[in-house]
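In the part that follows, the structures are each spelled out as structure tokens.
The two complexes that follow have chain A in common; it is paired with chain B in the first and with chain C in the second.
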Partner chain A sequence: MLSLTLQIVLNGLTTGLVYVLMALGFTLIFGIMRVVNFAHGELYMIGAFALTVLSGSLHWPYLPAILCSVVLVGLLGALLERVLFSRVIGNEFNCMILALGVSICLQSIALIVFGPDEVGAPRPVTGVVHLGPAVIPADRLFVGAAAILLLVAFYLFLNKTRLGLMMRAVAQDPEMAALHGVRPNLIHTAAFAVGSLLAGAAGALMAPIYTVAPYMGELPMMKAFIVVVLGGLGSLPGAVVGGLMLGIVESAFATMLGSTVAALVAFAVVVATIAVRPEGLMGRRA
Partner chain B sequence: MTLRIVVMVAIAAMAIGWPFLLENRYITHIGVLIAISITTSVSLNMMLRIGQLSVAQAAFMGLGAYTSTLLVMRLGVPFLLAFPASGLLVAAIAAAIGPIFLRVKGVYFVLLTFAFGEGIVLMFQEWVSLFGGNNGIHGIPKASLFGTSMVSLRSYYFFALGLAGVTLFTSIVIFRSAIGTVLDSLNENEALSQSLGVNPLSYRVAVFAVAGFFTGLAGSIYAHYTGFLSPDAFSFWSFVDMLVINVIGGIGSPFGPVIGAILLVPLPELLRDVRQYQMLTYGLLLLTAVLFLPSGIVGGLRELQRRWRAR
Partner chain C sequence: MKANLISACGMLLATAAMGLPGLSSAYAQDTLKFGVVGPMTGPGAQWGLAAAGGVQIAAKEVNDKGGLKVGDKTYKIEVIPYDEQYKASVAISAVQRLVNQDGVKFIFGPVSSAGTLAVMDIVKDAKAIGVTGAYSSKALSGSNPYMFRVYSVASDFAEPMVKWLKKNLPADVKRVAIVNPNDETGWDSDKLLTELYGKHGYTVVGKELYERSVRDYIPILTKLLAEKPDLIDVGTAPPGSAGLIVRQARELGYKGHIVKIGGSGPRQIIEGAGKEAAEGVINYLPADEQNPCYKRLSDAYNAMSGNQMNPLLVNWYDGAYILMAAIQAAGTVSDTDKVREALTKVFPYKSALGGTIRFGGHDIYGIHNEFLTPNYIGIIKNGDVVTVGTAE
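Now for the complex of A and B:
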């Protein structure tokens, strides 16, 4: 029983950490720009494809390939913000439509370029690791460790760098931040780039574990959205707690009752959360 | 005003003459799809006009489709009863969830209806004994009215067209009436309207139920027309279709989605050989509309008319 519990928690934490990466970017973009980024899953997908091309087709070593994919998706995010989102910022409805349009475009471009078939990326890590009575695939453990590393870096970025502090200031009170000389345009672009970068990292990390295909972003996007609603839209600590919680709860329900029940429970929890406490578990009241 | 009347008469004449044009079965088939699409998109438009983007509309269409199908196939209920029942059931569901869902606004309502829609599609997929799972339900009998089965394409066309017309008429009447004034006042200043004794929730729930009713009916026609149902026809992407139609046509007017449906529904058929470009076209159209024509074709036409008069 104890070993089963440990196994459930470990499985949950490794998937949960990827959810956290997705949800953090999603919630950062919403918190700063009030954009519900429906294209977040497609940024994940592009991160995965970038890694597959770099490490698979071009035979780059794993580490440079992953770094390059992450930077690439970050730059794409900055470009999307500059060219498209900056034009409709402030109008929540138009931002949503625009994000949907971007999502459809990116997905269909991936479909045109890479075709509908699932492809695999080379696996840099193989084998299993024994942690007491529980067994965990080594590649999963690697993804978990990399995700934790990214989270720490993100935390330091938000709390120790000037740009990070400016971002938090804009998220808390845009007008007050502007009064103190923070240029909102710059922060918007930076936030979209960082949010995209995190999604790209999640995609690039998961590419060797799952297969890569143009529609692969839909499920992670849905998970990110569930996490963010649970934790509170715009709340960064909420995204971390929500992501880990969803990972563990899903893992428990999937082990005991099957993945369909797990998914239905997740949806029911979302509906209940918004109905009872729309600001989420850790969000502020608007 | 005259421009509007000319356009409306032209559309009406076109709509009635459509199946006789070229005597082509394929053209009539597209016409049926457009009419069904108008019904669902005008319903979504009703929600948009009260300021709520309801992602649940696709799931509502699915609920109507499966209700009608199961009533006819499993319980032997005549279509004449199953058809209204499908609309009424969806309206009842909307009325039941409305008081909870419509308390929140904007993004939260979008997320809530999104989760609801995904949950419903998951139910269609996983409850195999009732809904047939991902294999779907085949061989749905043709709709029959008063004992005569609707086999001809034209009869379906006029049935679907009639429903689209009633939906459009209802939408116009709702938003031009005193109720429409109340709804507009809620969008403008909810607190002030409430102070005048308006209960905003009940008005919004009523619109949600009406939009659900017509979407459910459209689902029923769709099921009996195509003869085949599968869960993915009612997924998030089918909601995106309804939304694109509204955004391109213009969400500020009930005629927006009508124009949007007429222009966009034939598009997949034209781009059939290049399927992957069909999605890209949709995406690019959305981007273009949001950036350059935010109030859609109807809004653009109004602007042109205004400039013309100002000359």
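Now for the complex of A and C:
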């Protein structure tokens, strides 16, 4: 029983860390720009495809391939913000519809370019690691470690860099930030790029673990949505707590009662959270 | 809303990706339309694309020879494929569109069981001929003479496969775990496999049903592996998902046998699991990949779509020719009752791969509406699929 519990927790943590990466980018973009970015799942998918092409088809070494994939998705995010979203910032409904359109376009372009087949990406590490009585695949452990590194880097970026501090200022009070000389346009582009970069990183990290296909972003997008509602829309600590919580809850219920019950419980937890605490676990009251 | 918009767009693009087949013949004087409804995107896409590909290759061959002669007219075949996304609601929309807007009387699909059960009344009311790919036993019924099935299903080949396992695997393989998707297809497979493994002396120590959208099978495998199975059957899991299940089971340290008695796709299992993890997986095969005709069809499909062919394409290719033979025998493209009656008389029919396709199903479904296609057993060895026997 102890080994099963440990296995459940480890499975939940590795899955939850990827949810956190997805949710952080999603909630960062919302927190700063008030954009519910429905295209976030497609940015995850593009990160996965970029790694598959660079590492699988072009035979790049893993590290340059993943770095390049992540940067590419970040740049794509910046481009999307400059060309499209910057025109409708301030109108949440228009932003939502635009994000929806971008999502459909990106998924359809991937379908045309890569076809509907699921493809596999080369794995950076193989084998399993024994942690006491539990077993964890080495590639998942690698993803967990990489996700923690990214989280630490993201935390340092937001708290120790000038750009990060400006982003937080805009998220807390855009008008006051502007009065202090922060240029909202620059911050919006940077926030969209960083948020996209995190989604791309999650996709590129998960590509060798799952198969890669044009529709693969839908489920992570839904999980990111659950996580940010749980944690509080716009709350970065909430995304971390919500992501890990969802990962462990899903792992426990999927192992004990099956994946159908796990999905049911995940949504039941969200409904209960909204009913009891509408702003989410760590969100600010309106 | 998002899902619906993506669905609609996916359907359009899937059609576009097929090269808008039949467009060149759309202006021909006499056109015979064949609809295809199958999952063209998502984890079951291999099966839907196999359906569309098989029918399209057969249609192209006939069109290249001048068309299909029915009575004193010659028809160009136009194929209209729609994506059902393995969802009953989408399958209903697709079939209604084929029947009401496109004026189609001959429909290949839906491929999914849930989709097929949802459209059975629509097909019957429209007096259209449906040739489904559904595995569910409920897809054929004495009350609906318009619905046929294009290939043998698990209830035909599962028992021969379990017997083959009993004969060829070590005697100490006794404990079986079964994994299936949580829907009509999976429930049927779960029931059938549980019954058959039990009947042939195995002990079913664990069963799991998963949601089709799931990609992480580690939690359910953790539970199953705690029961120490000697054999895992991945049933009707789509090939891409089956590949991930195989890989994740191996990652958790499972060293036993893995079998797939259900929807075929060994190449996609290798792609998803990786060559090493997929080694030794025993598969049901609808076609012998060593057959020269298989290579011809595979090359034709690759040239047409750029994708790798799923073996089930052979069944849809044969099915298209069988339906065309029945239409010719009936001498009409509009009176589907005559075509339906003619369909019962074109068997036994010689498969393109050389085996014999018979007509049957009455004992199980109360109606003789199943094309009983030959079945094979294959093992993955060194990243390739080797046919090792038949499951007749």
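Rule of thumb we're sticking to: the second predicted complex is superposed on the first by the 286 of 286 C-alpha atoms of A that agree within 3 Å, B and C clash if a C-alpha of one lies under 4 Å from a C-alpha of the other, contacts with A are read in each partner's own complex, and residues count from 1 in each chain.
The criterion applied here is as follows: a residue touches a chain if its C-beta (ideal position, glycine included) is under 8 Å from a C-beta of that chain, and two chains touch if they have at least 3 such contacts.
Remember, it's a predicted structure, so these values are computed and weren't measured experimentally.
Enquirer: Check the residue A:Leu156 against both partner chains and state whether it touches chain B (first), chain C (second), both, or neither.
Expert: In the superposition, A:Leu156 touches no partner, neither chain B nor chain C.
Enquirer: When the two structures are overlaid on chain A, which partner does A:Leu186 contact: first (chain B), second (chain C), both, or neither?
Expert: neither
Enquirer: One more residue to check, A:Val88. First (chain B), second (chain C), both or neither?
Expert: A:Val88 sits against chain B, while chain C stays out of touch.
Enquirer: Is A:Gly120 touching the first partner chain B, the second partner chain C, both, or neither of them?
Expert: second
Enquirer: Counting only touches as set out at the top, which of chain B and chain C does A:Ile148 meet: first, second, both, neither?
Expert: Touch partners of A:Ile148: none, neither chain B nor chain C.
Enquirer: What is the contact status of A:Asn11 with respect to chain B (first) and chain C (second): first, second, both, or neither?
Expert: second
Enquirer: I'd like to know which partner A:Leu63 touches here: chain B for first, chain C for second, both or neither.
Expert: neither
Enquirer: Answer with first, second, both or neither: which of chain B and chain C does A:Pro137 touch in the superposed model?
Expert: The answer is second: A:Pro137 touches chain C but not chain B.
Enquirer: Mind working out whether A:Ile274 is in touch with chain B, chain C, both or neither, as first, second, both or neither?
Expert: A:Ile274 sits against chain B, while chain C stays out of touch.
Enquirer: Check chain A for residues that touch chain B in one structure and chain C in the other, and list them.
Expert: After superposing on chain A, chain A residues 100, 103-104, 107-108, 111-112, 260, 263 contact both chain B and chain C.
Enquirer: Could you pull out which chain A residues touch chain B in their complex?
Expert: My answer: residues 30, 36, 84, 87-88, 92-94, 96-98, 100-109, 111-112, 222, 225-226, 229, 233, 260, 263-264, 267-268, 270-271, 274-275, 278.
Enquirer: Could you list, by residue number, the parts of chain A that touch chain C in their complex?
Expert: That would be residues 4, 7-8, 11, 15, 38, 100, 103-104, 107-108, 111-112, 115-120, 123, 128, 135, 137, 139-140, 210-211, 213-216, 218-219, 250-251, 254-256, 258-260, 262-263 of chain A.
Enquirer: Which chain B residues qualify as touching chain A in the complex?
Expert: So the residues of chain B in touch with chain A come to 53, 100-101, 103-104, 106-108, 110-112, 114-116, 118-119, 122-123, 126, 240, 243, 247, 276-277, 279-280, 282-287, 289-291, 294.
Enquirer: Quick one: in the complex, what on chain C touches chain A?
Expert: Chain C reaches chain A through residues 1-3, 5-6, 9-10, 13-14, 16-17, 40-43, 45-46, 49, 182, 208-211, 213-216, 218-220, 222-223, 226, 240, 243-244, 248, 251-253, 268, 271-272, 274, 305-308.
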